[in-house]
Amino acid sequence: MTLPAPLTGVVPPVCTPLTPDGEVDVPSLTRLVDHLVEGGVDGLFVLGSSSESAFLTDRQRRLVVETVTGHVSGGLPVLAGAIDMTTPRVLDHVRSVTEAGADAVVVTAPFYTRTHPAETARHYRLVASRSPVPVLAYDIPVAVHTKLGADLVLELAAEGVLAGLKDSSGDQGAFRDVVTGARAHPAVTGFSVLTGSELVVDTALAMGADGAVPGLANVDPHGYVRLTRLCRAGDWERARAEQERLCTLFGMVRAGDAGRMGAGSSALGAFKAALHLRGVIACPATAEPQIPLSAEETAVVGKFLAGAGLL
Amino acid sequence: MTLPAPLTGVVPPVCTPLTPDGEVDVPSLTRLVDHLVEGGVDGLFVLGSSSESAFLTDRQRRLVVETVTGHVSGGLPVLAGAIDMTTPRVLDHVRSVTEAGADAVVVTAPFYTRTHPAETARHYRLVASRSPVPVLAYDIPVAVHTKLGADLVLELAAEGVLAGLKDSSGDQGAFRDVVTGARAHPAVTGFSVLTGSELVVDTALAMGADGAVPGLANVDPHGYVRLTRLCRAGDWERARAEQERLCTLFGMVRAGDAGRMGAGSSALGAFKAALHLRGVIACPATAEPQIPLSAEETAVVGKFLAGAGLL
Amino acid sequence: MTLPAPLTGVVPPVCTPLTPDGEVDVPSLTRLVDHLVEGGVDGLFVLGSSSESAFLTDRQRRLVVETVTGHVSGGLPVLAGAIDMTTPRVLDHVRSVTEAGADAVVVTAPFYTRTHPAETARHYRLVASRSPVPVLAYDIPVAVHTKLGADLVLELAAEGVLAGLKDSSGDQGAFRDVVTGARAHPAVTGFSVLTGSELVVDTALAMGADGAVPGLANVDPHGYVRLTRLCRAGDWERARAEQERLCTLFGMVRAGDAGRMGAGSSALGAFKAALHLRGVIACPATAEPQIPLSAEETAVVGKFLAGAGLL
Amino acid sequence: MTLPAPLTGVVPPVCTPLTPDGEVDVPSLTRLVDHLVEGGVDGLFVLGSSSESAFLTDRQRRLVVETVTGHVSGGLPVLAGAIDMTTPRVLDHVRSVTEAGADAVVVTAPFYTRTHPAETARHYRLVASRSPVPVLAYDIPVAVHTKLGADLVLELAAEGVLAGLKDSSGDQGAFRDVVTGARAHPAVTGFSVLTGSELVVDTALAMGADGAVPGLANVDPHGYVRLTRLCRAGDWERARAEQERLCTLFGMVRAGDAGRMGAGSSALGAFKAALHLRGVIACPATAEPQIPLSAEETAVVGKFLAGAGLL
């Protein structure tokens, strides 16, 4: 299907359920997609950071996209990450995920290498020139160790290189520059500005953002859908209450002991534990070399779910 | 062939010559290998950072390994980088490069993800358990944004997980901890400690390091081979003079304008320009999205070569 | 005067006008205070980062506080930064600024040293135990290179160690954790949560923040006062419009050429140029070793003022 | 006395003994100076990072310099740190320490602020123009969060702005650029290049460095003096053995539990515990807000001393 321009609403970065031996658990993945669709989401983002894209082999990545596009069969747009170090490798992923049916690709700045902003621009121009579907920029400094400047994003938007931005930078000032800059720029139309935050969706939408890509929406899609609808209706007071409820629920990402595992392992482990406890996926395993949550840490996740009325 | 234990001497990270349209230039690659072998190097490291591994597609990576192992056919050891974000993806590269004949694999800590040291250890243990050839750790914080601790390296060496270390961290104090720790530890035998620096090979060897993996050895293999032989002979005064000559030559890595391109583009562009000017490779192109050196910047590289008597 | 608990509204970090030879320009400073008071601000924060506190000698710092407290003589609360590397040095500043009449002190985490969170907590406990006035934490990772965790801030708030937070971290998710955590915690009362951002004051207040400490309020205090009043009235639509106007005006901070000066020099130079152009201060000089704006760069600042109707 | 040009040998960054209530322990300080002088050191560096300069009040800093210059009364050169955020504040310290008899000042790049290299150059030029004694640059990125480029250091050396460099950057490649650059530059004479490392003194001297400023020399001055004499004599084999013995001893800096305190607290706590155990200083207290070593951690320090034959 054609990507809505702009894409709006809730577009969860879909977790990738795994079997105990690390293979993609296809039945769990389709159940998760059903869970999200029933929750009312507006699109699906597969192979993002919350999807453990960095941990999936090329074969597994392809299987994920095929499974999801096949399952929703055009019912809602499927965006796919094409996450790799540089242009030539990203282009291979673009080819693979679009052959598998993705409606748009989501691409970070180069990483591993030390890249000048002019090279990041060149990267996006090359990717867009060879991609059969729209390209969204994925700004995630915690992973790629550079920040996409608002000026660069707007320049590429005006050129038609970028169709949108998924902002996981946490920098709301720069995010706002993109939101208002995109609105003000005569050459920018249909550009989607999406926040990757779980915690400031209400204020991002209040600024004029188009939607959100919160990892926690795997666990509670209904909550985020309610939240964006309240925002769209201008009911900021109830939106704030819903957002604060979700902020409390988000506390689950610190369930894992920081002395024993990385912050990512704790957060992804918590999302998967929650999906398992809610009966959506068959196994809470995360990919290697992530340290799994212990039984006690999983119980903490359960308490967060119970507190939110999700068990 | 079996990897020497320890591997010693000069093991250049082999540049990957490209055609103007970004394909691997196989004839240039074999000429470069001949140039290095004639220079007297002790091994070849393909698919490292100086090889633009981060920019090569899987198909190109495979072609590089096959070309080099086929060309040297056991004449000297070929190490291959298996550079990717996490364990499952690294294992795919390990499979590919060893099928293509690599005698050892060189593996970084996970990147893109935020990884706890315990997860990095788990990563190396898993990779080693499934690799048919020895595994060397590649410590390159500028790329992966974490530093391998000396304690962790020594622990994995003592377990037999790691066969060596390529240290591109620039931290000579920590490097020394590994060198002396490996020598002192009864369970560590045949472990190779290699510096990735161009600039402190003499002092690294004086500390007891086994060898060096300097990118500049592409340009001047004879110089680095002379240097390590002088060190081995204990002729530190002449070693220092040779090292200082190479430090001056290394100034070429700043030929590219830092206002216009990344530091990596400048350095790799300079190495390739030098190889082109010296008649070793057919084309100085670097991979996308790196900004190429201008004609003037290339002329600066030429002056460095002339100053070193290499033109 | 006693610090309001919570302190709310607009509390500008007061610029420190300097003479051409780098001395505090007392008449300009009092004119600037008058300009801010007439603008309707709710308090004054002297010796903050926008005050060039890092550049002022102890004698100059003291003179600034005496001048401002003497001039407002209790008309509105005066907060003073006590910015230095560690506890003993901070305590000397606390003594000095409170002798000079400050109603509260604003204190960062230790810097220059590498400090554990437990040491940061110890730091605040010691400072508060010896300060005759309330202590606000100043979270400014760009300067001190650590982030104050929301948990730590709330723990110290509950203990009565901290009376408030000035958040210049840019991390709105963590900021929200403090806002909602402070509201929810039974032991926390009268705690002021203030954003240091120029760009997201409306959304910070929408989250429940008490006020703002925007450097740009030196230039346009009326704008920020209007903005916070619109927020307090729940008129979010007009608040957003006012905020966006101020975001546009804030573009002046990039007037200075980033190839020639630091980002701080450009921003502080722009604020002072604007105050000079508006006739508030006699001289736009910034402290050494900051590079001053050129005439052309100053003209750019003038255009921003003109565009905002402030000339 | 006039600073030797170049200053060579061992110049310990003198620890600042404190009383249990945090005051400078003058008798212990003079005993420590005697211990160092008897150890054969070539100069003393007070108010450096290992001196807890960042934790000392201005009054305490002055007392330290007066005590040490008064005690050695010209017997050997006394360098004093003038550690503060920016030029005007550094100049106040320069005045104070030179009035107190310092023979040279040691100055970092600006910190807390974000500074452009052109501003760092301006900083050193201003400080040197107003300092009655020679100025050495102190390159310590872990504290100031910028690195002094070799080009900048050499430019300022050639101008006569800088009389030397204390390099605590850990980057031996850049260090070598300064060493060889200073030797090669016709306008640079008498410039002192000193390493701040404990671990690579032998190789730094082998490169041509003039001396070392190792914090561990407080604990074992005889060892570092022996080491530099062996280096000067070209006896690299015995130098290496002595250096390795000191590297082992340096392991004491990790005595403190990293889960409980900062790395600086552990290292400074260990040095002071060692000086206390060796009977040089009366009390091992470190300044606030550093967490002190526990009795068990202190016992670990004792084992390192015993292992080195220093108890």
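As written, the chain order gives the labels A, B, C and D, with residue 1 at the start of each chain.
Criterion: a contact is a pair of C-beta atoms (placed from the backbone, for glycine too) under 8 Å apart; a residue touches a chain by one contact, two chains touch by 3 or more.
Computed from a predicted model, the values in this text were never measured in an experiment.
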{"item": "Shared interface partners, meaning chains that touch chain A and chain B", "value": "none"}
{"item": "Centroid comparison with chain C (C-alpha atoms), farthest chain", "value": "B"}
{"item": "Chain C and chain D: spacing of chain centres that average the CA atoms, whole Å", "value": "35"}
{"item": "Chain centre separation (chain A, chain D; CA means) in Å", "value": "49"}
{"item": "Topology of the chain contact graph, where touching chains are joined (line, ring, star, complete, other)", "value": "ring"}
{"item": "Contacting chain pairs - touch in the sense defined above", "value": "A-B, A-C, B-D, C-D"}
{"item": "Chain B contact footprint on chain D (complex, rising order)", "value": "170-173, 176-177, 180, 197-200, 202-203, 206-208, 236, 240, 244, 247"}
{"item": "Complex interface listing, chain C residues touching chain D", "value": "22, 54-58, 60, 83, 85-89, 91-92, 110-116, 118-120, 122-123, 126, 142-145, 260-265, 287-291"}
